[in-house]
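What follows is a set of structures for review.
Shared between the two complexes below is chain A, which has chain B as its partner in the first and chain C in the second.
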Partner chain A sequence: MADSNKEISEYVTLVSNDDFEFEVLRSAACISGTMRKAFDPASGFKETTQNRMKFENINGVILEKVCEYLYYNQKWADAKNVPDMEIPPELCLELLMTADFLNC
Partner chain B sequence: MIAGRGKQRIRPPRRGLASSAVDFDSIWSLLETAFRQIHTSNASQLLYEELYRHAYQVVLKKKGEELYSSVSRFEHEWLSEDVRSEIYAHYSPQMLPHTQALTTSTATERRMAGEKFLKGLKEAWSHHQVCMSMIADVCIYMDRTYCNDNRLPSIYTTAMNLFRDDILQSPITTNDNRPVLHLLNQVILDQIQMERDGDVIDKHLIKSCVYMLESLSESGDESKADRLYNVSFEVDYLETSRAFYSREADAVLRDTDAGTYCKHAGRRIYEEEDRCRSTLAESTMPKIQQVVEDELVRNKIVEVVDMDSGVWFMLDNDRFEELSLLYNLNARVDDRKSVVTRAVQQRIVALGDDINKAALAASQSAPAAPGDAAEKSKPSAQTNQQTAAAIKWVEDVLALKDKFDMVWKESFQQDNMMQTAMTRSFADFINSTNFPRTSEYISLFIDENMKKGIKGKTEAEIDTVLDKAIILLRYVQDKDLFERYYKKHLCRRLLMNKSISNEVEKQMISKMKIELGNNFTTKLEAMFKDMTISEELTASFKKHVEGLGDKDPRRIELGINVLTSMTWPLETMGSMDEGEGKQSAVFPVAVDRIKQGFEKFYNLKHSGRQLKWLANMGSADIKAVFPKVAQKDGSFKERRHELNVSTYAMIILILFNDVPTDQHLTFEEIHARTNIPKADLIRNLQSLAVAPKTRILIKEPMTKDVKPTDKFFFNEGFNGKFVKIKVGVVSSGNKVESDRERRETEKKNDNSRAFCVEAAIVRIMKQRKELAHSQLVMETLSQVAAQFKPEVSMIKKRIDSLIEREYLERIEGAKVDSYRYLA
Partner chain C sequence: MDLYRKPKKLPGQLENCELCDKRFTVTPYNKAGPDGGLLCTPCGKEMMKDAKAAEKAKKPAVRKGRRKIESNRLDGLTFRGSKTLQQLCIQKLAAHAEDIEEFGDMPDHIMGRLSEIFSKKRAMTSNTFKLFLQPGMDTVAIHEAAYLETEDYDQIFAVVPNIRKLALRNCCQFKDSNMEYMIEKAQRLTDIQLLGANLVSNDKWIDLFIARGHDLKSLKVEWLDAAFDDQAVEALVTFCPNIERLKIERCKQLGVESIDALTRLHKLQHLTLRFFQEVPIERVINLIGHVGANLRTLCLEHFLDGSDEPNDNILEAIHTTCHKLEKFRFTENHECTDQGYTNLFTGWANPPLRYADVNSTRDLDNANPEGPQDNPVGLATNGFLALMQHSGSALEFLDISSCRHIGYEAFAHIFDGEKQYPRLQEINLSFCPVVDTQIVAGIFRSCPKIKKVVTFGCFQVMDVVVPSGIVLIGAPKAQDAIEQFGEVVMDFQETMKGLDAAGRVAPVGA
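For the complex of A and B:
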């Protein structure tokens, strides 16, 4: 992805602390309050200009689950009787803390 | 165990994501550096994730309070040191109006300086907003948890309030005590003043400063009431505007006329509206309008309306546009437009009074002219003048009405209230007690039109004339008086065949019926019915006489009008006067025979009816032969004339049939032999012997007055230009009444009113049985209102009279005066 893409790109890149990269839809990423602020075109942080955000405290496994959740959330946003998302119990606690961090 | 989806947050345990030990000071120094970079627009190399993570950890470690106060302190220091000095750089003493005297700055320089200051302030503000939103984004976790839990305003709000305290409300420099806010207000006001004076200013700049003031509030909570804009700027703005417009109103009033003033005021109001939209806040619009309206309109409207060039001038000169402006201004401050309405009303009454006075003057100037020459022509001239005055009056009033209708349409947006007021004013002067002749004049106007005016006019034109009369009639209060006059005039028209078209007469009556109701016209319609019946009667009598078979070539033809005595205003024709009418005139034998013949015939048809002959109202066609006598012009032959004379004149002339040419009859003799009432006799003799064109008799001595000892001869030498000669009887036309006559009419009218009032009282009491005095008066007034407006004293008198005659009695011991109906 280009470094200085001033256009509002459709996709953004999320990077875990073990350097896994996830390309997700901007609209899905912005479900997270933290990411929304980071990618907000009105503010002038580096994330905004690069459309890339690195998480120093989230590993690839968790970040993958987060991306899954973001799409899951987007897909079922207005639906009822939604099937539960599959969460491996061992990730539970970590996911919880990440959710608080990401505000989603 | 699903995290996410919902908003509920489950705190993670104190391990894992964050390293367990957090050193606040080192993290803060990192954040502070970053913030400083943000403030100096150097944020593009900062990683949001990193800053957020640090702030997140600090808050997570229960250090929220420390972070919050650190950020606040940082912002406070930043604003009061860096930003304030920056603002001061934009400040120059030139930009304030009151320092202008000291420096030599021109208005343009002042405007530029002001704009520079505004621009600096605006930029500082918007920059502060941008930076703070970034910092707030970094500290969002603190806002979410710490501020929420402790009910503190978000860091963004706090920083905005800091801007208010550290910039706006602190002095511009240490040795200048005026707060920045004060300067800001002054500059904006000054700029607005420049715009009022015609300069072009940067509206967007001011608008953004206004936005700033709008988004900050005095106390920090976000209620609208104490936004800085409202508590600080708006107050100043309204105050200075008030002072300005108050001064301006005086100046403009002094220098220009009312029309210009109205235009000016209208423009100012519009400008202020526009200014609120483009430069200031819309919420100020009603307030500033109030101020402008107060100063330019409410406080001045009376003055403007009463100016020399005010409403009167505009009305008189047809300044519809200015009137409309003035009306709109008045409407702004007063729903009822009372000031303009009052002026218009006064003008109507004043103009109306002028018309009244002119009519009175015109009608009185004639009798004032003395002179005994041409006795015959003088009264007729006077009649004409009076009638002319009446017609002029009606036409003037109609013209006035047309004019004000026009004004009403053009300038007053057909305002209902205005129309009512105008109608009331018209009614006021038309029914003015100084001018009692309205009813008579209107009736005369109709009379004149019926007799002459409508000749050669199309139906539509006639219609408008009639409608005009109806319009005036609408204003008349004393409809019964009008009815009396109209009946009298109609009676003359019908009996003397003066009316041009019966159709039009009927049209008029149907119009009155629509306007005034059935009651009003029944009698008038009955008069028409009598006329038709009489025609049939005459025809059938003629047939009857022919059927008798005696072909008498000298038979007299009889045309007859049988009038119902109740419906016809016969007393006003002078027939019942002085009790003399009872002894009817002695008719010549030939006439008397046919009279008896008709009575017999009539009695056959309608038994039990009594016929009373009204000779004073009839006329006769007689053929007269004047013998061969030498004429002045030398001709010498017999002349035949057909004379159309009144019935009395016919009787008199027939008397002379039996008198030899050289013999004479004295007045006394004629009176004794004819039994014609003296007054009528005198009039008829005057027209036969005095009027120059119809001098069929010769009077001795030849004077105008007829004295009992005067002698009358038959004028053998009479010579007329035409075969048919009409001998008019003095004072036969419809004319304005003399004062004496009018008093009589009024007296009669009062009598008939008395009956009306009594009837109304009895009707009411019959229904109510018992009623308090004041209520009775009210109801009586409303019952008779359609016909006339009685005096309260009259109603009282009638009540007393009814009590006397035991229709009513007073209720003893009642709290208020009350009456009971006695069946």
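For the complex of A and C:
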């Protein structure tokens, strides 16, 4: 019972390479194409059973921003004229690379 | 009504101000207060100020939103939901272009997108453009190079000597010296696109063709006024026989001799031509006869014979010679008849086209806007039916704007909501006067993949309910927004929804 609950848990955990953990809604995490594939029960990755994904090349600061974006995206999913999310210029390049990796 | 209210005081009488209760002499200029009484001069002034400020605050907000939407639409950004994180980051980067020192290792497609955005924002200056030069690259594409100086162009070849593809648009300061340096340094160039390089002399163009010779695969030149004449084209054909992709548009010096020279390019697969000078149509036909059989792209814009009689020979030549076309553009022509187009598309051995653009093929006679009835000029009813019969199954892009002689029945028959055009994404019906709401609705139903419908000047299109995911551009009434974004999910869309949603909506766990 506990196991089957785990498989479709509402929240998933994202872990940065410096061991910061972020609990986010599964639906939000799945906005990222990479995470959607990883957490898709049909994919058979180990992330699907653990509901946890470790990013070896993303640090906590960037991952926090990514999480912020995922919720921002979910919040405004059906809205028109969405205000842009604030991104600190110094994070831009790194965040861009990460966004490319995560496909979001 | 309040019958007990005191009558309004006339000018010259005394009254108490409605707001501050001060007593004042009434003049014709006193403002009415919020409850209908009179205000003293200072209070009146104060109220006007507030009203004006409120009005000002309102106006720009509305306009800005509209302008922004339009701009986003042209950028191909989504108009619903938020931007992707990549888009947000790229925007931010472009805004802070001056402060960046280097990009580091960027994936190519992100680099390309950044370059496009910098160009669009006119931020591609001598400083910022160095960000886009990295020794390992094989492509340099600067879409707006107008701010670059002569020395900057040398930088490209100094930093990126292994460059294979070069695309510079509006490279006004690209000079002979740059060309020399490019010939010397960039030994692997195979694709060259130079727009508006007017400071390069004819001899240097010829030098380039001699130097690149058999390696040159693709050449695109546009907007050349003073140089690049028939001799240059002759040299191109002589020294670069392996050219596969050639685009020559709006080069003022070129004439018949160039057309004749091109007949010898037997490896051509993509050919785009637009000349300023008039070329006898039989020379163009001759060209098609020589190179047409291998062509996958054929774009002929504004090629006219200048004779009074309608003449379909060129369409006939395409019908008999070209059997591999995917993209076909034949525009601004008032000499080929509907019969000619019908013959072209009927029983054509060519597989269905992916891209068809026959805009502005119509009769030109102000006195007779309907054109000749018995033998219509331009792509008209029968030609359109034949085109859709031939290519409807594969067509992704269709432009028939200003094909004024296509009849209502033809549209109603093609877009009846039953027949399906499974790949059609974009259609331009502007200035086809018979198109009405019914037909636009038919398009929504007949084309499951449609993204964009353009109907400028179709005055019978009104009050269309646009399905979600589709944009209708060109609403005729001034008070409507130019583009209408679909919001309603229609019944016929429900079935497709499950398939499309996969890309966007995430499976939500319990």
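Please note the rule applied: the second predicted complex is superposed on the first by the 97 of 104 C-alpha atoms of A that agree within 3 Å, B and C clash if a C-alpha of one lies under 4 Å from a C-alpha of the other, contacts with A are read in each partner's own complex, and residues count from 1 in each chain.
Going forward, a residue touches a chain if its C-beta (ideal position, glycine included) is under 8 Å from a C-beta of that chain, and two chains touch if they have at least 3 such contacts.
Note that the structure is a prediction, hence the values are computed from the model and not measured.
By the document's definition of touching, of the two partners only chain C reaches A:Arg26; chain B does not. In the superposed pair of complexes, A:Glu47 makes contact with chain B only, with no contact to chain C. In the superposed pair of complexes, A:Ala77 makes contact with chain C only, with no contact to chain B.
After overlaying the two complexes on the shared chain, residue contacts for A:Ala38 are found with chain B alone; chain C is out of touch. Residue contacts after overlaying the shared chain place A:Met85 against chain B and chain C alike. Shared-chain residue A:Glu10: touches chain C; no touch with chain B.
Residue overlap on chain A between the chain B contacts of one complex and the chain C contacts of the other covers 40, 69, 73, 84-85, 87, 89, 92-93, 95-97, 99-100, 104. The touching residues of chain C, counted against chain A in their complex, run 65, 68-69, 79-86, 88-93, 95-96, 99-100, 103-104, 106-107, 110, 485, 506-510. Partner chain B is touched in their complex by these residues of chain A: 33-34, 37-38, 40, 42-49, 53-57, 69, 73, 84-85, 87, 89, 92-101, 103-104. Taken in their complex, chain A has these residues touching chain C: 8-10, 26-31, 36, 40, 66, 69, 72-73, 76-82, 84-85, 87, 89, 92-93, 95-97, 99-100, 102, 104.
Only residues 1-5, 9-13, 16-18, 38, 41, 43-53, 56, 130, 133-134, 137, 140-141, 144 of chain B touch chain A when the two sit together in their complex.
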